[in-house]
Amino acid sequence: MSGSSFGNVLKITTWGESHGAAVGVVIDGFPAGMEICEEDIQKYLDLRKPGQSAISTPRKEADKVEILSGVFDGKTTGTPISLLVRNTSQHSADYNDIATYYRPGHADYTFDSKYGFRDYRGGGRSSGRETIGRVAAGALCLKLLEQMGIEVYAYTRSIGNVVIDEDNMDLNKVYQTVTRMPDEEADKKAIALIEECKKNLDSVGGSIGVIVTGTPAGIGDTVFNKLDALLADALMGIGAVKAVEVGDGIKVSQSYGSDNNDAFCILDGKVSKKTNHSGGILGGMSDGSDIILRAYFKPTPSIARDQETVNKNGEDININIKGRHDPVIMPRAVVVVQSMVAITLLDAMLLNMSAKADNVIRFYKSID
Amino acid sequence: MSGSSFGNVLKITTWGESHGAAVGVVIDGFPAGMEICEEDIQKYLDLRKPGQSAISTPRKEADKVEILSGVFDGKTTGTPISLLVRNTSQHSADYNDIATYYRPGHADYTFDSKYGFRDYRGGGRSSGRETIGRVAAGALCLKLLEQMGIEVYAYTRSIGNVVIDEDNMDLNKVYQTVTRMPDEEADKKAIALIEECKKNLDSVGGSIGVIVTGTPAGIGDTVFNKLDALLADALMGIGAVKAVEVGDGIKVSQSYGSDNNDAFCILDGKVSKKTNHSGGILGGMSDGSDIILRAYFKPTPSIARDQETVNKNGEDININIKGRHDPVIMPRAVVVVQSMVAITLLDAMLLNMSAKADNVIRFYKSID
Amino acid sequence: MSGSSFGNVLKITTWGESHGAAVGVVIDGFPAGMEICEEDIQKYLDLRKPGQSAISTPRKEADKVEILSGVFDGKTTGTPISLLVRNTSQHSADYNDIATYYRPGHADYTFDSKYGFRDYRGGGRSSGRETIGRVAAGALCLKLLEQMGIEVYAYTRSIGNVVIDEDNMDLNKVYQTVTRMPDEEADKKAIALIEECKKNLDSVGGSIGVIVTGTPAGIGDTVFNKLDALLADALMGIGAVKAVEVGDGIKVSQSYGSDNNDAFCILDGKVSKKTNHSGGILGGMSDGSDIILRAYFKPTPSIARDQETVNKNGEDININIKGRHDPVIMPRAVVVVQSMVAITLLDAMLLNMSAKADNVIRFYKSID
Amino acid sequence: MSGSSFGNVLKITTWGESHGAAVGVVIDGFPAGMEICEEDIQKYLDLRKPGQSAISTPRKEADKVEILSGVFDGKTTGTPISLLVRNTSQHSADYNDIATYYRPGHADYTFDSKYGFRDYRGGGRSSGRETIGRVAAGALCLKLLEQMGIEVYAYTRSIGNVVIDEDNMDLNKVYQTVTRMPDEEADKKAIALIEECKKNLDSVGGSIGVIVTGTPAGIGDTVFNKLDALLADALMGIGAVKAVEVGDGIKVSQSYGSDNNDAFCILDGKVSKKTNHSGGILGGMSDGSDIILRAYFKPTPSIARDQETVNKNGEDININIKGRHDPVIMPRAVVVVQSMVAITLLDAMLLNMSAKADNVIRFYKSID
């Protein structure tokens, strides 16, 4: 219900505006006893923060996380984990004039329509800074998933018309390029494209791919909380995402059943699949193969060109937006995508523990 | 949490397996006082039911809905509306052998992984029959939305490589073709394609488009219950959907900001947009333009060809599935898509009534 | 949110009015693989149904339950279990005149205030018949709890001023008396009191006690979903309940800490308590001792005496309610209380399985 | 689900331990546009904070609230409101030895049972400091309710055997006595009782009363989210509460229907009631009369006397708890009770806005 919470057994609640005092997240329902420290979280926040390269906004933000609760003696306690990041690099004056009009491609007009007014400084609540909370929460989930042999990889798959070669990528190199493309050649081309964009006072879209390895079969629900539906919700809930694909995605609409059906087979004594068109999910539940997702991002709406729009007095006007903006979103969004997938998957796994009566009985008999 | 419920203020809970006694839905939180009768619901169920044309499964099912509660004197009472449809055309014997193996592209293996066993008759809970509950609930939501001037259109947009001409379609003619394509020429081509599929003992994928007109601006939430995220969840939660697009969808990944940003303008004294790349949603909230969505469906996994798979003893086997199946899903799924969009939108609208403190105060002052 | 659902991991949704076609429940999230048949459920419904003795309403209702989904090969499948009971003994004509006025002590006026009108036949949605769904769901939960060594006992503790001797009761004899008092002497006195009530065209209140044995320590949450808060919600949510106590209840308000604190001790090598003033719950979590609760019921509001009230035209009037009513609620409510406690406890236990990171990791490592 | 969240349309999430860095709350779904500043919140926190009088703990805590998000230009923005209070007066060393044993009446043992270990400093998450978040959230809700003509009063009703005269109390004087008893004579007696308690190294229980005026009829739900069930959940969820009454409460169990039924009557042209045994709630919905509640608190478990208990090695031991504790809870809990009632009621009122189809249609037609 509450629009700033995500998840069920494991629930995160983010809060904060870009130019308010701080942003943060409360993580509730996280299992007790996992070792965690601020550095574990900071390393993911650092992958998200601006000012990391020539292709991202020159804003410098420290984005230092503080653990306020839920961790004791270096371990999660089971109680809500509150994480705080102070906002430090706010140039609110940059935004004074945008109070009076609606920026194209932004949520200014819809905010005013819903709430009657808005915090017009930066993106306010719709700012990318809100995702700090998601990444901080994701850091904990990724750590617990890892201990169960599950790895969540996300990577920039395309920027504009530059698409990486997914058949030859090394997922361990994602964070070695500034574009987060695990493909050095594509990285170079993309950087060139972005430079041109900047010169043109423009921005460009792109896509992020996800591969999750190690998920056991049977995670997710069969009708409404299908694992793919939950993941679609998670990805479409990231600002600027306009499309989500699972497995073969859009391509399935031109496929034939005889091609698209993945044949089951026995491999090393276990049920496996000869192909993975399904992207690791069948009937809303994980099928044991890699989970494969793609999210498609629109170009950053903040561009320095002249644009037509309207003001709050109902007049057509021309505007020219100031400020320090990213010409592409993907490099900084990769870790956000990775985080949202981790949160979604871990939540579904926690819920799944009670799926079988036998497991429930065995669990409680073992406590005595 | 519960995997068979959808929605927040307005919540639907579907239940039932394809070869059990019945399927149904409980609709809770529906506003009181709207006129409704069984015919209002039946007309939508009839659009979903099998056996309507040569291109769908020859199974005949009456799918007669019974209102069991929540309606009195011809009006909704505000209490849960329970709707029941008895299953009548079950050939369970058709399915006896599939108990022992896992059909490719189906949820058989994932069901067994999650729950330890499954109702193997038909699709069980993963059957298309589960969507009867969604369509029945959708019928009520569509009726209430209409009274607020909101129309939800869904239509078959493509079958295999046959794509309709969306620039020249008449949305009032969707249900006049057996494919549910609002384009007579494409309809003919698609029928030919389907006939060939049937001859080849194969199936084929496709896509469904959605256009919602009349939605006021400001519906939806800004971070996690974004209207587009809720709709992505709703559509990806329909069996066989593998991709969801909002507005320009995947195309935005190759767009530039200067093209993709929709300029605001004043039209007839109101804020409007010159283009609608956003698909009617900005920052998670409706922007007053048409809401535009697309869902991509994989080919029906049930095909009559020989297929490779494994059985429950862990052996590689060849199978040949019997039964009466749809070679394409889209014609019957159109009304399911339309229903899920209506449920999602109405739920978000009910929640939105308390977004402004002034409205809350005015509402309760007017009661005295 | 939805007012007809209860529970989180395990969620029940009841529906139906007293004089509609049927009443029922959908149980979602129930673990798969537990054996269940209609008789398992029917035996609890029979404890609730009217016409069982001279002290309850003479209405005869078969209340035969039908399992519509979620059970296959005699076992729960993990999918929603839909249970239906047809209404058969409706004398709707009895209620025609009450459409025009508000019965004292009933929900007639509040229903009209909330929804603008109401199903005025019988109690409509507020009828005791709604609890059929709760009892049917409770039957499943009680069965699973039993397999974990947990017994939920409920019993009539008092009727009017007749209070049982709780120090000498045999909880296995609850259902051997018509009052559901596990105390033969009190039973006789209570029957006499009820007979007098009937003669006086009056009704009388009472209370129901609950003892749960075998609950492991640590179930429940620490702040908002405290086990006692969830149980208070469950019991106060039963029609006619006006007070709920845990452990020593109201008495604690006059106790001193030195008396009220239960000393921990080691018994048979395990942590135990010397006393149980806490009623088995400390800090919102079960402490391993018996859980002790009491719910207090107001007298049935339906009495045959003349009463003052108002009609829908805003006039003061005198009324005399016809119909077949229970002079006391407790005998039939005992199994409702037992059911609600079982549902609440099992739900909390399912959620609790993911409380420790070690258990989560061990669970998923054991699946491979 | 998540154990640190409360509410549906309006949801609060509290976090923080007594001896961690801070405590706080995130309030989501609060309507936009209400004026609020830190002083509005601080004045309620000051009513809760310790060290206010000779009868409460001598700990001094500033409890200064900081608004971190969700407020702009002095008004709520509709986005989550994050409130933070730093912990400043922590004597963690006081608690080092309690790490090794389980304090009677505290959540130490149940925490260890559930999570495997605990933050043993102070009450950790079970500390009264957690209620700072509830009171801060309550401050906002009380302010909005006031603007709709609704007042929520809470007061100390009894301490030990000293009970106030509720027939002659002045609810505007609650915060003028240190006990929060709106009865000067009882206040004096209670202070004497508390002084004796302190001398005896003991603590004592008590009760808090609630009266809500001005609630319109029809708020709350009819089956599971009954207004009284939600309030019972809210009150039983406050630490130390062991019983909750609505209206006549426990007394109804000895009442007769002819006495307990409140006759409706017309007063000043409106439907009213001649008596209010129901406590303002019928069938789970407000009936327009004052809402009347009582919560019963156990004595503070922290007492300085010798007590028997067990340690983590499974040995019986004697302990003597150090620290600065309240001999009674009521004076500081009054504002917590007031807050929880306000949050619960406002949440139910926000949800209620969509109860009638006519209102929904009218609301959205008026937007155009």
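Labels for the chains are A, B, C and D, by order of writing; each one numbers its residues from 1.
In the analysis below, a residue touches a chain if its C-beta (ideal position, glycine included) is under 8 Å from a C-beta of that chain, and two chains touch if they have at least 3 such contacts.
Because the structure is a prediction, the values reported are computed rather than measured.
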More contacting C-beta pairs: C-D or B-D? The answer is C-D
Given the pairs A-B, A-C or B-C, which one repeats the contacts seen at A-D for over half of the pairs? B-C
Distance from the mean Cα position of chain D to that of chain C, given in whole angstrom: 26
With chain centres defined as C-alpha means, what is the inter-centre distance between chain B and chain C in Å? 37
Dist(centroid_CA(chain B), centroid_CA(chain D)) in Å evaluates to 44
Mind pulling the residue numbers of chain D that touch at least two other chains? 1-5, 8-9, 14, 29, 32-33, 78-79, 114-116, 125, 216, 222-223, 351, 355-356, 358
For the complex, which residues does chain B have touching chain A? 1-6, 8-9, 14, 102, 104-107, 109-116, 125-126, 130, 158, 160-161, 197, 200, 202-207, 216-226, 228-237, 239, 242-250, 252-258, 260-266, 269, 271, 274, 277-279, 282-288, 296-303, 305, 307-310, 314-316, 351-352, 355-356, 358
What does chain D use to touch chain B in their complex? 1, 8-9, 29, 31-34, 76, 78-79, 144, 147-149, 216, 222-223, 349-351, 353-361, 363-365, 367-368
What part of chain B is in contact with chain C in the complex they form? 1-5, 7-9, 11, 13-17, 20-24, 26, 28-29, 32-33, 66-70, 72-73, 75, 77-82, 84, 114-119, 124-125
